[in-house]
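As written, the chains take the letters A, B, C and D, and residue 1 is the first residue of each chain.
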Amino acid sequence: MTLLGTLGVAVIGAGRMGADHVRRINDVISGARVAAVADLDEGRAAAAADGIEGCTVHTDPAAAMAAPGVAAVLIASPGPAHEAALLAAFERDLPVLCEKPLTPDPASALRVLAAEQRLGHRRVQVGFMRRYDADYLKLKRLLAEGAFGRTLMLHHKHRNVSTPPGFTNAMMIHDSAVHEIDVTRWLLDDEITSVRVLRPAPSGAAPGGLGDPQLILFETAGGRVVDTELFVNCGFGYQVTCEAVGERGTARIGDERGVFTNADGRWGTGIVPGFVERFEEAYDRQVRRWVEAIRRGEVEGPSCWDGYAAAAVCEAGVRAQATGERVPVDLVERPALYR
Amino acid sequence: MTLLGTLGVAVIGAGRMGADHVRRINDVISGARVAAVADLDEGRAAAAADGIEGCTVHTDPAAAMAAPGVAAVLIASPGPAHEAALLAAFERDLPVLCEKPLTPDPASALRVLAAEQRLGHRRVQVGFMRRYDADYLKLKRLLAEGAFGRTLMLHHKHRNVSTPPGFTNAMMIHDSAVHEIDVTRWLLDDEITSVRVLRPAPSGAAPGGLGDPQLILFETAGGRVVDTELFVNCGFGYQVTCEAVGERGTARIGDERGVFTNADGRWGTGIVPGFVERFEEAYDRQVRRWVEAIRRGEVEGPSCWDGYAAAAVCEAGVRAQATGERVPVDLVERPALYR
Amino acid sequence: MTLLGTLGVAVIGAGRMGADHVRRINDVISGARVAAVADLDEGRAAAAADGIEGCTVHTDPAAAMAAPGVAAVLIASPGPAHEAALLAAFERDLPVLCEKPLTPDPASALRVLAAEQRLGHRRVQVGFMRRYDADYLKLKRLLAEGAFGRTLMLHHKHRNVSTPPGFTNAMMIHDSAVHEIDVTRWLLDDEITSVRVLRPAPSGAAPGGLGDPQLILFETAGGRVVDTELFVNCGFGYQVTCEAVGERGTARIGDERGVFTNADGRWGTGIVPGFVERFEEAYDRQVRRWVEAIRRGEVEGPSCWDGYAAAAVCEAGVRAQATGERVPVDLVERPALYR
Amino acid sequence: MTLLGTLGVAVIGAGRMGADHVRRINDVISGARVAAVADLDEGRAAAAADGIEGCTVHTDPAAAMAAPGVAAVLIASPGPAHEAALLAAFERDLPVLCEKPLTPDPASALRVLAAEQRLGHRRVQVGFMRRYDADYLKLKRLLAEGAFGRTLMLHHKHRNVSTPPGFTNAMMIHDSAVHEIDVTRWLLDDEITSVRVLRPAPSGAAPGGLGDPQLILFETAGGRVVDTELFVNCGFGYQVTCEAVGERGTARIGDERGVFTNADGRWGTGIVPGFVERFEEAYDRQVRRWVEAIRRGEVEGPSCWDGYAAAAVCEAGVRAQATGERVPVDLVERPALYR
């Protein structure tokens, strides 16, 4: 590894997620360092870069990518800024880890897809970090081994304690359900072809106008049916579970773990408060795999196609929220680069 | 109890279910005895009555009800025979425990409803035995206490090892999902207003033509959304679970229990093979409560209205299987006797 | 069953346990009725017998056993009164269900053993009700099947919320650990040959002088080692677990069950408050099996030998509490009647 | 961190454990690199160092510690070689991570203790990696918070699939139970004052002469009682659990986790095959914390005192195996450096 030297990374976006990635690359991941940080708010970029030897500070993403020692890019800016950042990285042919979403809508995702195809090789890993969670990985392996036959259904549950101010029905799809969209496609190796959203009378804990919880239903090209309970103001904790139903067995992940106590007439354990606690290890593993692949000269993981497909399903999902009816998902033909 | 004497029961139908009730009333339930058995197949009735002192044998249900010592009727004949047996019991004003279904379709159920109303008081308890399962009872109590706020959703799973020959899609609704229909109405104290059925590509283990598994979706008058995974050839065991999602918490029943073992690289426990093992205690409690109520001069439990409503939802469910679309459930106005 | 008529039972002792057995025999168990009740406190006997047709009331146990219709005896009086009641039943050669302890000490137990041997056949079932608990029965069957090889160790836990006033260290053995003593002997089909008791610094919740919790250690003739955590003021609930360690696997019973909830940052379920809730079904099954066996002309279940052996281990256990050292258990040779 | 440069580590011992630490320091831990490897077998040292830029190869531990760039030492050689290596590190005042045992017996441990005291400050972290396991850490925190009152007892289980050839009874204490010895002292912040070992008739799967399983009992200065089931040929998997019993509640760690399946009539999950899978994350965290502390100029974690106390309890434990009696543990007075 030291033969290659340490991988210099330009981090684009120094908000909560970007700052966390700066810490991760510098303190946790072996063989990588932050070489440049860019944020529209220069002070925020400087704060993130503080104390890191040789790390430069920028307001322009392209300038950060051009900084000395930069050999890879991690995009953690807001979704609407992703397209420009990705195209800038493509110009320098740099490997990219792009936080989800790839871009906010299918049209812009298709432009990125076209640009990457012009490069002629994959450069982008999209930040669907659940693919790096130890339990999801075991579930994927178990299904792939085929001991339970074909997978027929998936049942997802996705529960958050509460939503921040301004959280909308569309964000329930784009920010929350997008994880189940990607996990569904990845676990089943199958495309989602339609979306329905059933909305019960909302919880009294839901902010005005938010239809919380919702039951989201996918059908896939391979004939699978997938349901997701999405409940983003459940109050009691952060809980993500997935049960796969095969022809001869089922497999479930996401049960609570840790310290089990007897006290006050109750037996049980605590529920983690949020996604950071639940998926911290997955975030680390995601970045570690990305760094390792780059050092081997490879690009792995969720591709721009996965980012595009997720965007297309999200768009259909938002329309399905409005009507309660089945909304088909129409994808373009899958380019050769992503087969 | 001996002050009242032992309750003499006429058992109508001596098939598997009827013979089991004969055994239960005679050997398990205190304060009741089988006074008469009727079955179209006289030999089968005689076999069930064999060795029971003073128990008479009949081919005509009405004759059994008129036999000496009969003070109550348990109907366990095939569903199409229920209407006639119920009307015969009404003529003698006898309390009845009628195995589900009350009758096979809403029209005949409405005729029974009308006949019972002419009597002017409830005589019928319908055999929805899950209402007598210890765990469902605890769940019902927990939801009623309101600690979790309003119940917003239910998730049911109903899995059987395999189906007998000749099992049809309609039977998936009428024989299997009917339990979730009743439990949903009872737990929520709410009426089901529509049904959807989503059908994945069927399991290779499903007999030809059977769409197994299915995802059945109910909406209720109170705005709840309810999903049921129905998988009747799952192969691995009999499993019935229910999770209620409230505004501030969820509650789940049906997890495996018993002896937990470490062996051969696995930790876990056995799954019961069928409904007899899972609900044996519920069957006992159901009949015990029925006998106790009669001895107090009362009729309790699921009513003819519950039987009618279940029949109406089943009818809609079978139509929903065919179309994949939302099918509304239209109930008549609820008569005063059943409010 | 009605061919034989209903079994008339004389219940000796109408305290909490006796009154509960009166209720059970009359209301729950098919084929039996309470024919006589005896208690030193005649009013208490009368209260228990109230409303039971043909049930006579006595202060003298022998008189109750001689009452009309009595064909079996259930002894639920205090332990010191058991010997006289058992001998009275032997005079009439009546089958007996005797609540534990058989008698309070090995010497008196040996006198009962001698008396039963003079009868020449077993008449007594001792009320070690855990042998009738569904989970202990499954565990027993699993070990007997031998899939895990020889059983090498047992780990018991026995926890109560709190102790009544006047509860002593000796009662921790005689009233609480006696269940683990019997279960150990029964599961392993092996005799306990020594006892050690380790006493940590007691919990602040233990009444003055009570060494609570304690770790009780048995060795058996077959070379097994058995530990029991006995904690009778644990505060949080009633919890009884047992793990058997075999050569190729382990098996555990007693995990919490029922309704599992997510709420307030916790996942889990309730713990039962006491032995009634935990073992209610075992009490019912114990009496049902006793009645069924009598009606077949048999005596089954834990014998006077089991009662004697438990008394001998208890006596050694109390001595072991005082010294902290290994105290051997010396049993007389097992009479032919109990082999 | 880059301000400080990367920490150069000399790894002493390139066997299985040493080679794994080389990989960990180089590929997993941020901010550290392997600067030198020493092994009596030079080829083995060279193999471990292969491909690591600037890493020198040695047969003499002291030479490795003197190599360019070495600022810390990780000792993973066999236990008997530890004393010399530690003294060599002390001569250079280098911070050390010393795999357990500190030394194989209390006398040599006391010599190390004396040498470190002459330095006047702590230099050694002993490799009791369970203190870095996420669940043990949570349990420690929970007990420290005091919500369950004083801790009264601990129940440990330590099960391995099977033992390598030549595994002895003494190794059951020195290699296996030593972990429970350290965890007991650490969780309770209390010293072990006596050991008993109860030995059931051994499993048929135990190699000749090995008394497997064993029940090991500790008493502590604070009056706690601690039991450990040690079963090193259990056959079914690697399983480490710990339950702490407090005055008002209990807390347990070590339950199986991961993917829960329904299949073939069983519900459950897999058991990990060995300690690598179970404690991989703890090994990583142990080394990471060590590196981070050094870079802050500190030494943390289990000290030489902990290594000495463990050796003293092990010595008593081996004597207790032979006699079955209570063997006291006599520690020297705790030096000021370790208070």
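By definition in this document, a contact is a pair of C-beta atoms (placed from the backbone, for glycine too) under 8 Å apart; a residue touches a chain by one contact, two chains touch by 3 or more.
Please read these numbers as outputs of a predicted model, since none were measured by experiment.
K.L.:
Considering only mean CA positions as chain centres, point out the chain farthest from chain A.
P.N.:
C
K.L.:
Indicate the whole-number Å distance between the mean C-alpha point of chain B and the mean C-alpha point of chain D.
P.N.:
58
K.L.:
Starting from the mean Cα coordinates of chain A and chain B, work out the distance between those two points in Å.
P.N.:
About 45 Å separates the centre of chain A from that of chain B.
K.L.:
Rounded to a whole Å, what is the gap between the Cα centroids of chain B and chain C?
P.N.:
37
K.L.:
Considering chain A alone, which of its residues make contact with at least two other chains?
P.N.:
Residues 234, 236, 248-250, 260, 262-264 of chain A touch two or more partner chains.
K.L.:
Quick one: label the inter-chain contact graph as line, ring, star, complete or other.
P.N.:
Contact map by chain: complete.
K.L.:
Touching chain B in the complex: which residues of chain D?
P.N.:
Against chain B, chain D makes touches at 159, 234, 236-237, 239, 256, 260, 262-271, 273.
K.L.:
Taking the touch rule as given, give the residues of chain C at its contact with chain B in the complex, in rising order.
P.N.:
Spelled out, the residues of chain C in touch with chain B are 1-3, 26-31, 33, 51-54, 134-135, 138-139, 142, 147-148, 248-253, 255, 257-264, 281.
K.L.:
Any idea which chain B residues touch chain A in the complex?
P.N.:
149-150, 152-153, 155, 198-205, 213, 215, 217, 219, 222-225, 227, 229, 231, 234-236, 245, 247-250
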